[in-house]
Amino acid sequence: MRVGFIGVGTMGGPMAANLIRAGHALTVYDVVPAAMEALVGQGARAAGSPREAAAAGETVISMLPASRHVVAAMFGPDGAIEGLRPGATLIDMSTIDPGTTRRVAEAVGAKGARMLDAPVSGSSTGATAGTLTIMVGGDLATLNGQRDLLGAMGTNVIHCGPIGMGETVKLANNLVSGVTMAAVAEAFTLGVKAGADPRILFEVMSKSSANCWSLQTRPPVAGLVPTSPADHDFAPGFMTELMHKDLGLILAAGEEFKVPLAMTALARQLYAMTIAQGHGRKDFSAVAKMLESFTSGND
Amino acid sequence: MRVGFIGVGTMGGPMAANLIRAGHALTVYDVVPAAMEALVGQGARAAGSPREAAAAGETVISMLPASRHVVAAMFGPDGAIEGLRPGATLIDMSTIDPGTTRRVAEAVGAKGARMLDAPVSGSSTGATAGTLTIMVGGDLATLNGQRDLLGAMGTNVIHCGPIGMGETVKLANNLVSGVTMAAVAEAFTLGVKAGADPRILFEVMSKSSANCWSLQTRPPVAGLVPTSPADHDFAPGFMTELMHKDLGLILAAGEEFKVPLAMTALARQLYAMTIAQGHGRKDFSAVAKMLESFTSGND
Amino acid sequence: MRVGFIGVGTMGGPMAANLIRAGHALTVYDVVPAAMEALVGQGARAAGSPREAAAAGETVISMLPASRHVVAAMFGPDGAIEGLRPGATLIDMSTIDPGTTRRVAEAVGAKGARMLDAPVSGSSTGATAGTLTIMVGGDLATLNGQRDLLGAMGTNVIHCGPIGMGETVKLANNLVSGVTMAAVAEAFTLGVKAGADPRILFEVMSKSSANCWSLQTRPPVAGLVPTSPADHDFAPGFMTELMHKDLGLILAAGEEFKVPLAMTALARQLYAMTIAQGHGRKDFSAVAKMLESFTSGND
Amino acid sequence: MRVGFIGVGTMGGPMAANLIRAGHALTVYDVVPAAMEALVGQGARAAGSPREAAAAGETVISMLPASRHVVAAMFGPDGAIEGLRPGATLIDMSTIDPGTTRRVAEAVGAKGARMLDAPVSGSSTGATAGTLTIMVGGDLATLNGQRDLLGAMGTNVIHCGPIGMGETVKLANNLVSGVTMAAVAEAFTLGVKAGADPRILFEVMSKSSANCWSLQTRPPVAGLVPTSPADHDFAPGFMTELMHKDLGLILAAGEEFKVPLAMTALARQLYAMTIAQGHGRKDFSAVAKMLESFTSGND
């Protein structure tokens, strides 16, 4: 299958490589030339603009950091939409606000093309391993035509509803993981300061009502789970900056749909504090380091 | 074994019944005579004061709603401590603040008796089934002498450290479940308002980074999990009032150990809002009903 | 003086009328034709685009609701910047994010024109009366050349520093009034529910450490201050929606400058709750109505 | 007039001294002997217990740090209530929770004595100068009989309603000052980080909707107001610990009256963070130092 791929950085790079390995013919575009070159070495063709990458594919995939990058890559004379062939399918796999998704979908429809929104979870590890969870919004028939392609990048491909619902479900999911991680951080900071053994805290919480993905994958104290970021100086994993960004998208969605989100808003400020202390590019479980900074030396 | 049991209400009642069934000789006390009578019908003896109940047992168990009830039952001329035999063991299974636990432990020690703090999780269902998780603080040898007794009430008996650590670990655990439930409520309120199918939300979140005990046991939308309170008009389960109380104990512990707990403090106010709307005696997942009250009719 | 005026709605309309009354020759533009016609009846000329309005003035004023309207009015082939004469001065009086202000200033500079940012406080009442407080960022010499014009719209014209500082100071100011109003609402809701006479609350707080502009201008209980929105079914004044928008700009500035703003973030969610209950176009003191909705009937 | 005075520390000491200067005959009690001796040097008599101090006065005043100290001083065989003469008046000037006030009032009534609750604002400076604001709850006739005495300690004596209303009004007042100070701290931290001149911030905010007692008495940047704690290494003034304590009383009142107080709850955690950083005995405007700790070195 001929595929245009726009945005081949930390996430998009390994995803595109998996598509090449699966036998697809890729034309890639990125604002960073070095990112394209790595894939050219694996057999991809480099394009000079999003438009050119889009024109080269029956399917066009975009994987970009934020809404403004998607807007920049899609619209304008050199934008991907200008290059889309009639009947082609655009799959935007970026995590962006549902409003931007809808605006892109309208422009895609006006060109006689189809669109899916398909944000992922699983971080760069999952992108490399091809084990991402992919949340897809759009027409089911359109999705069915892309299952082979998506299956080369992820193991869970879930149809979430009409266009925009991939983003919506992803954001609802990340709301919970962002807030929950902050709760786990508060619980460990309090428990340890009060004299509890972190291993006991972890064991009891794992068996009881505190059990959650954040606890199991990234307990904020070293020595509990070997793969936890806390055991590796909080190397990500999923960066604090990205969680902060996602919680911002969630609050924007709350604003659009008039849903007050007080817990989300406060959690976002805790991640802002974590970033302000220099942990923006650490794993988001570093929110516990921020909390801990208050308790050291106040005995 | 001869056991004094103080506080035989919603939780203590079925726990005492399990001890009788296991062959122990119980002397029970409660401020509500009817609560004692039910157990007398099963073979227990009724005492006229906490002191009398305490005097009747080699082991004395208390299971009371809050710190002030524990203080009232323990101290004073008719209090349990006055009645304790030298060498007896007092097991306080109430969920209270660690400071009160320590004060009771000192008074118990002064009488030549021993103490364990052993709060539980599992709610009245677990109390009846004898499947509670019991978090124990105190001397290990003392705990080992009580394992038979505790095993008649719960399936998980976990030694959490020295006296007070049962309470500490329980509170750290409930911090996470209280905050996490509020996050799940925000996520479902937002997702559903934005048009997502709650079944899809549940499926994706169950497989991804939002997965947690609150999601699995009490998703806040009916039709997802048959045993969810949302499927039964939010009948508890674990009442909003109790979660509100526990979060208050957690904040008091945060104050004692100088650990700022912003997420906990805000979650507690969301449960206060839920109580103010009349859901104090509903399951704490009713926090989602409170959030939903903002979104109905604002389209 | 010949003045181009872009955006002549609720705020811009009476401001432009004051300029006409002061003898200036106005060319006005608005996306709503009726808004222009009202001023044409007072002697203004109507323009067909922001560009045309800009081309007609030595000074060009814009007064628009939000950053995206400023971007739309300034940039593009029909935008105001395209029409600016060399040596002209653009005064943007909109309340927007400092980042957009800087981007507009760069484009203005590239055309050989000058710029001031000059957001106001005082609401539509002050706009009509010509008693606005005007916070000005930009070169002092440029400001001095515009004092006559600004003096026709406001009584306090304060130079806040270089370009962007008008917006920055305005946002810092509104942060305090937004949070403070929410505090006054909590205090009255609690005090009245606990049985205090609102007149006593007002009297004591006015003389003590609770005294503030929000208390003096908009106590949230009727009968204390005749001009309070609470005495007029919470008619604005300053609308909840606008306070919600301003707190959003403040959080965006906090993000840009890495300053965590937890109180601001939470206050914004309280205003979101107020909007969700249907009070978006009421005065922002209606946050007290929202709080009160929790307490009615829970005795 | 013969007066018993219980609690003659930082606040009670100078208040008692003012009464002596006004010609009253004082019998004082404090758990710290040195505190009594200072007043004995000025003509007071020292008592051996609260009971003895109470027995010596037609009026008995208590000025204690927290509810638990009031409970300890009032009840029990050596407590003040035991010593009260029939017809005497007890004036509790401590800032405590309204529930404790009511319990004390009942016990006082049972002894045939009368009670006023009369918490103050104005800090130790006002206590020394005799310029406190005194908020009085209780019977008006009882208050009128004590106006001379109260007038020797404060300049504003305000009748706030029946017993307990002095405390209630005081707490509502401090809710606002506690939240408002945190808002002023956020505004200055943001404004200064964004490049604004603190003098301009202060000038504009003083004239606009941000104006408030916190801004005028304790702006958190040195060089604006000579008497501001910020100009004196944040020496109190009113200590962070006391604001933290008062916000705790306010939350307890919110719990009693089922009024959700999210802003108060979060502000309290910001003061907890400030205490955790070692500023508990600094002025509560040190909350700005805590916020600033996040922004230093993150450019």
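Letters A, B, C and D name the chains as they come in the text, with residue numbers starting at 1 for each one.
By definition in this document, a residue touches a chain if its C-beta (ideal position, glycine included) is under 8 Å from a C-beta of that chain, and two chains touch if they have at least 3 such contacts.
Predicted, not measured: the structure shown is a model, and the values here were computed from it.
> In terms of C-beta pairs in contact, which of A-C and A-B ranks higher?
Answer by contact count: A-B.
> Give me the rotation angle that lays the C-alpha atoms of chain A onto its copy chain D, rounded to the nearest 5 degrees.
180
> Would you mind checking which chain's C-alpha centre is most distant from the centre of chain B?
Taking each chain's C-alpha mean as its centre, the farthest from chain B is C.
> What is the distance, in whole Å, between the centres of chain A and chain D, each centre taken as the mean of its C-alpha atoms?
51
> Please report how many Å separate the Cα centroid of chain A from that of chain B, as a whole number.
Averaging C-alpha atoms per chain gives centres 38 Å apart.
> Can you tell me which residues of chain A touch two or more of the remaining chains?
Counting only residues that touch two or more other chains, chain A contributes 254, 258-262, 266, 270, 273, 275-276, 294-295, 298.
> Which residues, counting only chain C, touch chain A once they are in their complex?
Those residues of chain C that touch chain A are 248, 254-255, 258-262, 265-266, 268-270, 272-273, 275-276.
> Per the contact definition, I'd like the list of chain D residues that touch chain C in the complex.
Its residues touching chain C are 98, 121, 133, 135, 156, 158-162, 164-165, 168-169, 171-180, 182-184, 186-191, 193-197, 200-201, 203-205, 207-215, 217, 250, 253-254, 256-264, 266-267, 270, 291, 294-295, 298.
> List the residues on chain B that touch chain C in their complex, please.
Interface residues on chain B, with respect to chain C: 262, 266, 273, 275-278, 294-295, 297-298.
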